[in-house]
Each structure stands twice: as structure tokens, then as C-alpha cells.
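To keep things simple, chains are lettered A, B, C and D as they appear, and every chain counts its residues starting from 1.
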Amino acid sequence: MTKHFEKVETLVSNIPDSSKIALAPDYSGCPMEAIRKLIKRGVTSLHIIGVPSVGFQGDMLIGAGCVKTIETAAVTIGEHGLAPRFTSAIKNGTINIIDGTCPAIHAGLQAAQKGIPFMPVRGIIGSDLSKHRLDWIEASNPFSESEEPLILVKAITPDITLIHVPLADSNGNVWVGVRREMMVMAHASKKTLVTYEKLFDGNLLSEESMAPGTIPSLYIDGLALAENGAWPVGLFGNYPPDENHLEIYMDMAKTDEGFKEYINEYVFEPKAAE
Amino acid sequence: MTKHFEKVETLVSNIPDSSKIALAPDYSGCPMEAIRKLIKRGVTSLHIIGVPSVGFQGDMLIGAGCVKTIETAAVTIGEHGLAPRFTSAIKNGTINIIDGTCPAIHAGLQAAQKGIPFMPVRGIIGSDLSKHRLDWIEASNPFSESEEPLILVKAITPDITLIHVPLADSNGNVWVGVRREMMVMAHASKKTLVTYEKLFDGNLLSEESMAPGTIPSLYIDGLALAENGAWPVGLFGNYPPDENHLEIYMDMAKTDEGFKEYINEYVFEPKAAE
Amino acid sequence: MSEVIKHEEMLISVISEMLNGMSHVAVGASSPIPGSAALLARANSLTDLRVSMLGSEEHNIFTNGGTELFDCAAQGRIDAFFLGGGQIDGGANINLVGIGDYPDTKVRFPGSFGSAYLYYLVPRVILFREEHTPRVLVPKVDFISAPGSSPENVNRPGGPYALVTERCVFKFDKKKARFRLESIHPGHSLEEIVEMTGFDFDKPSTISETKPPSSDTLKLIRGKIADEISETYPAFSSKLFGA
Amino acid sequence: MSEVIKHEEMLISVISEMLNGMSHVAVGASSPIPGSAALLARANSLTDLRVSMLGSEEHNIFTNGGTELFDCAAQGRIDAFFLGGGQIDGGANINLVGIGDYPDTKVRFPGSFGSAYLYYLVPRVILFREEHTPRVLVPKVDFISAPGSSPENVNRPGGPYALVTERCVFKFDKKKARFRLESIHPGHSLEEIVEMTGFDFDKPSTISETKPPSSDTLKLIRGKIADEISETYPAFSSKLFGA
């Protein structure tokens, strides 16, 4: 039932416009090659969910005009500074922002994973975040003897989870190691599409040491090999971020024109990435 | 902060009478050697939580008079039939039973893991189970447009989780592989005590393949080596149940006298187990 | 090969037929016959039928601990599951707790396991209980571990599909919340079934005989399936197949 | 070794002192100075101080994905954490979202991250913001990502402990819900701090000077800590220490 695609292009052709798509932060599994192919295809009106935040890939999708709404605890390019295209899009009002906080996003996904309509979350009370969230309800803790307010966060069910992982096997199982937020994302989503760095020789679920870090193929709808597929963000256990390239991006993406040049060079005419 | 104990006896001396103690089912990590030492010590008034059910170890503790209350989705010795000492104790009214259902027990522990007061659970409505549970509340789903009933399960915070695992390292990290209910138990509990089959040479958290199945020492309070420590129940990936021995147990434990003989032979004068 | 079909083999075959076209079948605790049926359905499946068996290391695709089976069911990723019952009544209510006035039950069963949840969420729940007597199939269960039907306001995508016993197959009519006799196993009669069933059920004008397994299926059961099930249920496998 | 102490080194040392006796310190996103301070506290710790650093592979003990940091905090297993703020006000309210009328902010910051949760649950939250100007330290934040204090009925075991800037250290008085000036970094003055702080704060009659790092500590920072932090913050480490 898990489809193996020869090309990343074909894999991402399974992502319709207007999809609600869950993405990982830069230190987790970022499917950069798939993001470039998505931009090249001209996907539009995406609703991005940062789990719990989103970095370079979110900024690129926003810059390329692929995003209608972004639901996230933050958009950050880490040490390199404010995400330039995100910052500009907010200033110009060209995207909707749904501001959340990390544990509430995790809780919403875990609620979807468990098939429950909501999950209580500690904290949040008195923050301005909840004023703007129609999908959060302030309720009273029914187990408390005295009146105690509590935030209930509605389940978040992404249409698609799109991630890049270190290993996959021919059965469609994928290995994420300790980066289990990707497992929650896959469990919670209607579909999960994956690019992977290397093919694992054997069955990941049959190896006692590999199985604990593996998302079973039951949850994986499509797969494609993408060597160096997380460049320039880096992939845990495999390669670090290409800091020089990120600096180039930060510099070019300061302006609309610079960003257009950037995607012309690296997305539409991808010499440097090959 | 994780203490290494030379003897299983010393490890279990950290379990006070009347503790609320979480135990795994027979197919997960059963600390049988520790259970025998607990019985030998004469622990009393335990509140056992089966996560989500309990088998041989629960039946033994009940038979030996160590248990006041058992909270579980089931007590079962699998293929071997009804748990004899549990069945007898219920008939004679010598223990309290708090009947639950597997996902509600998992949800209660996950609520404790997340520090939230409760977790909604699907199903259950209309079952006689909820009639007897003061720690479950039937509420209305606040996210549903029409009236929809829903069960809220109160967080379950065990005093102690007691488990047996395949591997531990000198830093106090323990490897449970895919049996992650033990990780939830450790996260949710005030204290976690562990016996382990073999010492892992190195740091489990430093090995990319081992870390995903590892409970970090942060959650582990005490450890002791117990080779063959899950006998006769068996340990996943290591050795199967000793079916012949379980049959001997089932036969002897039919009666009070037979059970007394059994624990005399295997707990108080443990020739056969050595 | 002996063509004397054991009743367990018959049941494995009958249940297996009900799993045609499923993509994911889960098997709970203490379920050697449903487990064998699921493995048989997988062996016969043209597509990829997944089997997740509690207690098995080989036939287990879960990597998120004890909660995953339940989460997976809630996500709609499990098509079929099996439940039994110390008592089962005509409304498909099941009792896995005990006989008598709870909590002071005269006879205590193991407990409800995940029934009070999976019965609501898995679209095709097959009730299986070998013993077909008025003691087990009762007018009304003493304790409802999980009800056979629910009011409309309860979120319940799942529920009972059939009840398989040593004597016959009942199908559950969700609208009427009643069982209908579907087929009678060879060697058994309607009169016997009426007599041995404590609850009232619908009787179609013509009732077929349950189809026994073909010799190919029998060969598969006694070979591959006997071998596969022995990992989780060694005593069952060795008793039935002498493996 | 040059004894010219860089202000980052000063801040690392000051924050590190606040982590004495802790057993588990967590460090969030974009926090090279707090991260270095935590590693320094660990290096100086007589007991086993654990450091969990977001984005690090080496200094990360978590094995349950992105949710574990937050679950761990709710379990009471994290003693200290760090938060910053595009704006911080005198009630220790922090704004990580933006300046202006939300959602049409004139200036947009990255977002609230886990602040609206960890600020409630971690007993010792240290606010850290290098820039000490009226632009950052404002009378009232434009958007409350997380409030500095809560009504009594809110479950809140955690909250602000101190605010560390390039100029001084404030301690937070939970009862008054106000900052008190604790110490002034060498080279800075009370007058300057009053002028550069947009909010009102308590001023004790005698205010000490912030203690600079000892030469041993400085050696540790420039050696072991510079090396350890470079895994997660290579640009920071190479800029500051030329590593």
C-alpha cells in the first residue's frame, strides 16, 4: 500500500493545492528537495503547520507564494536571524498567521493521533495567544475541587505530513530515530509522504535495534529516494547544515527580487544543488 | 542520581508498603525476580496498576497477600487460563478491584506524563465500567456542534514503576525497544525502579540505533542486574516463557495450600530459580 | 492429509472468510483461533493484508508501545478485530468481567481488556466464543463490558459484525440491534441452536450450511498457519496440530 | 589568555551562577548564551547537572520527540529554563510575537515557541535579553506571549526568576510582580539603567556590582564550553571564540 516513487517530483504531485501540510523544524527531518519540487510545480494556498515551529522550508514556501496560512509556534532560521520572507509576508499581510505555542501544537496532533476531539494543555491562560484562537476553549478542570481554568486544544489533523528521514526500507517502513515528533505527525495525518536519504538493506521492523525508531509503512503513503535531500538544512546523524549557503539565502532573501533570483538559481535552474 | 544496587533485594527495599505500583503485562517487561524478592520481604497493601493488564506477577502478589487493590483492564495468564489467585481473591472479597479498559489506563498514564489532570477517551459510554469509576467523568464534547457525550479519564500517577528490561548502561539509561508503554510508565511515575538482563557496554543514548528505544536515566531512580530476571514469564527478544513452569504454577496455585507450597519452593527457598 | 476437519479448523476458515478485502486486522489477547484466521486471511490475500497480533514479536508492526493499537483504531486504520465474552447477549452486549452482582461476582473473568473501546471504533468486530450454551449466550449479560449498540449521539464508527460459535454463525443487524442466524456448521441443527441459545434471534426462511475449508485451505492451516501461530500460541498450536 | 572579558563571557558566567544546585536545565531555540551558561554550570557542578539543549544532538537526553521537553517540565523534572522577548515589561510579561496591533504587526518576531507553557511550569525561568533599551524593556508589551504572573486559581508552579541584560541583573519579586535591580555589570551605572529601562523597578539602597568570571571560569568558557557549544551554535562559537 506504500507507493515507491522514482522521482521526488512524482511524490509531491500527490500534494494538492490548499493542503493542510505538517512540516518539521530545521533540526528534525526537513524534505528540502521535495520543497523545491513543490515550489517548482507552483503549489498554491498551502496551510502549513509547523510542528511545532518551521524554518527554512517555511520561509521558502512563503516567499514563493505557495502559502495562504501558517499555523506555528514560530518561524525561525535559528542563528541566522529572522526569517526574511515570513517577516515580509506578515508585514504586507499576504499570509494568515495562526500563532500557537509548541506544546499546544504537539497536543493537537496527539489528540488527532488518539482520535479524541481535544487535549487539555497546561499554561497558556492569560496569554494573548488564546484570544485569537477559536480552536482553543478555556474550560474549568472538572477534576479540581476549586475552580481551575484550563485550555482545551482542538485536535489538529493535517491532510499531509511531508518529511525527510535518514532511512527507509523496501517495505515502506521509515526510520526517524529519536525524532519521534515525525511519528506523531504521521499517526495524526491523513497521508504521509516521505523522502529518504538511504535505502536500508532489510526490514527495519525486523531489526530489534531499528524498530524502536521506525514508523511502520502502515502510516506511510508514498516514498522517494532523495540523497542529500535535507540540504541546505542538514539531517541529524547525517550531515550538518550548510551554514554558508544559509547565509547566501539570508542575504538574497532580504528583498523580493533577491529571493526571486535565489529560487531561479536553486529551484528552477538547480545547478548548485545537483 | 540513578542508583545502582548490587542486589535486587536492596532495589525493592525502596518500595514502601501501600505503594501504588505500575506493572507491565506478561509480554512486556516483567521484573519477576524483583517480585519474588518483594514477596519474600512481605510487602503489604500494594495498589497494583496493570498497564494495561497484569499477568503472572499480579497473580503471585495477590496470592501472597501483598495486594489491597488492583486497578487493571484484566488479569490473565494468557493461554494457561484464568489467574487462579486473582479469581480466588475476588471470590473471597480479599482484594478491591478497579476494573478499567486498556486505552483508559494508557490515557490516564499519558495524562500524568503530560502533567494534565485528565484525558478524553473514546468509547466506554454505556458500559457498566464507568458506573463504578469515580475517577471518570462523563462530559459533553465542547468542540461538537451537537450534544456528544465523552468520557474524561483522570490522570494516573503511580508512586513506583517496577519493570525488567533487556539492557541498561552504567549511566542508568535503560533500553525497552518497542515496548514503549514502559517509557510512558516511567515518565508518569514518581519513581522508577528497574532490573535488567544485561549491562550494555557504552552509553545507550550515544548510540544512534539504541537511543530511540531508551528511557533516559533522568526517569530512572534505581537499577539492579537480574539475569534471567523475567523467568518464568519470558523477556521479549531474549527468552520465551517457561511454559512448563507456568503449568506447574497453574496446577499448584489452584488452592491456597498449593500456592503456599509454590512460594515456599520458588520464593522463600528458591532452588529451582537459581 | 486427514480430511477429518477439526472444529477449530472449521472456525479458523469461517472467520478468515469474513476478513476478505480487509487491509489491517488486529488480534487481541488470548485469541489463538481468531489469530490463526487472520494469518490465514493474510496468506490468501491478493493485496497486502496486515496482521497485528498482541503478544507476538513477529506479527507486530507497532513501534509506539501499548497505546498504538488503540490510537490506530481511533485513526480508522484497523478494519477488523475480535472480541469474546464470558457472556454475550442478544443485543451483542458482552461481559468479560464476571457473573453475579458486581463487584462481588460469583464467577470472575479476566476483565474487559480493550473491549469498551475497540468495540466502538473498529468497523468490523467479530465476536468469537466457541462454547455455545445458554450459560454463555444469555438473555441479558450480568455486566456490560461493552454494549452492542449505542445511542445516536455517541461517536461510534465501529461495532459488532458477526458472532461465531462452535455451532453456527450469527450476523448482527445493526438497525434492529439483533442477531440473525447466518449459517449452521455441518453436524448441527436449527433446533439444537435454538435450544442452546439463551437469547432470541432472527431466523431467515432458508439457512445455509457453513462451508467447510477446502483441502487447499486445510493444507495451509495445518502447514504455514500452524507454524506461524505457534510463536504466539505454542500450547494451542502443539495441541491442535501437534507441531 | 587575554583578561579582557567580553560581555558575552560575563553574561555566560552570570547566568551560570543562577544554575547552581539545579539538577536539570533545559535550553530552547536560539539561545547560545544561556546554552553556554548551562554547559558551564554543568562543568562546575559537583553533582550530575543535566543539560537538554534544543537543536543539539550531543546535549540532548530526550528520546520521545518534540513533546518530551514539555511533558518533562509538566512532570516537574526541569528546574530551569530561559526565555527572551522582543519586548519585556515590568510585570515580566514577554512578547515574542511582534510590535503593533496583532495580527497586523509592524515588526514581526519569530513567535511564542513554548513560552506560553514553560513560563508556567518551570520553577526558575531566567529571562535573557542582551539589548537593554527602552525599545525592548517597555512599560507594557504589545502582545503577551506569556504573562509574568497569574491569578491564584491558575496552576502555575513556575515563573520568572531573573532578567539578565547587557547592563544588569534584575530579580523578579513574585509577590509584588515587579523587578528589583540586583546587580549592575562593571562599567554601567544606575542612572544609565534607569534611563534605558522603559519600566519602573525597585531599587535597593545598596546595589552590588555584578561579579565578573574568575580566570579559571574564563579559561573554562574559552576552552571546553566554546568547544561544546559549537556543535549547536557554530556561528556564535566561531564569532566569539574564533573556534
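Note that in this section contacts are C-beta pairs under 8 Å (C-beta built on N, C-alpha and C of every residue); 3 or more make two chains touch, one makes a residue touch a chain.
Small disclaimer: the values here were computed from a predicted structure and weren't measured.
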{"item": "Interface with more contacting C-beta pairs, comparing A-D to B-D", "value": "A-D"}
{"item": "Most distant chain from subunit A, judged by the mean position of its C-alpha atoms", "value": "C"}
{"item": "Centre-to-centre distance between subunit B and subunit A (centres being mean Cα positions), rounded to whole Å", "value": "37"}
{"item": "Rounded Å distance, subunit C centre to subunit D centre (Cα mean)", "value": "59"}
{"item": "Separation of mean Cα positions, subunit D and subunit A [Å, integer]", "value": "28"}
{"item": "Gap in Å, rounded to a whole number, between the CA centres of subunit D and subunit B", "value": "41"}
{"item": "For subunit C, residues contacting two or more additional chains", "value": "62-64, 67, 70, 74, 121"}
{"item": "Touching two or more other chains - residue numbers and ranges from subunit B", "value": "107, 114-116, 121-122, 150, 178, 180, 183, 211-213, 237"}
{"item": "Touching chain combinations (by label order)", "value": "A-B, A-C, A-D, B-C, B-D"}
{"item": "Of subunit D, residues touching subunit B in the complex", "value": "23-24, 47-48, 50, 61-64, 67, 70-77, 121"}
{"item": "Contact footprint of subunit C on subunit A as seen in their complex", "value": "1, 112-116, 183, 187-188, 205, 211-219"}
{"item": "Subunit A contact footprint on subunit B (complex, rising order)", "value": "107, 114-122, 137, 139, 141-144, 150, 152, 154-155, 176-178, 180, 208-213, 237"}
{"item": "Subunit D - residues contacting subunit A, complex", "value": "29-30, 32, 54-55, 57, 60, 62-67, 70, 74, 96-98, 102-106, 108-121, 143-147, 150-151, 153-156, 233-236"}
{"item": "Residues of subunit B touching subunit C in the complex", "value": "25, 27-28, 51-53, 72-76, 78-80, 82-83, 86-87, 90-91, 93, 96-97, 99-104, 106-107, 110, 121-129, 132, 146-150, 178-184, 236-237, 240, 243"}
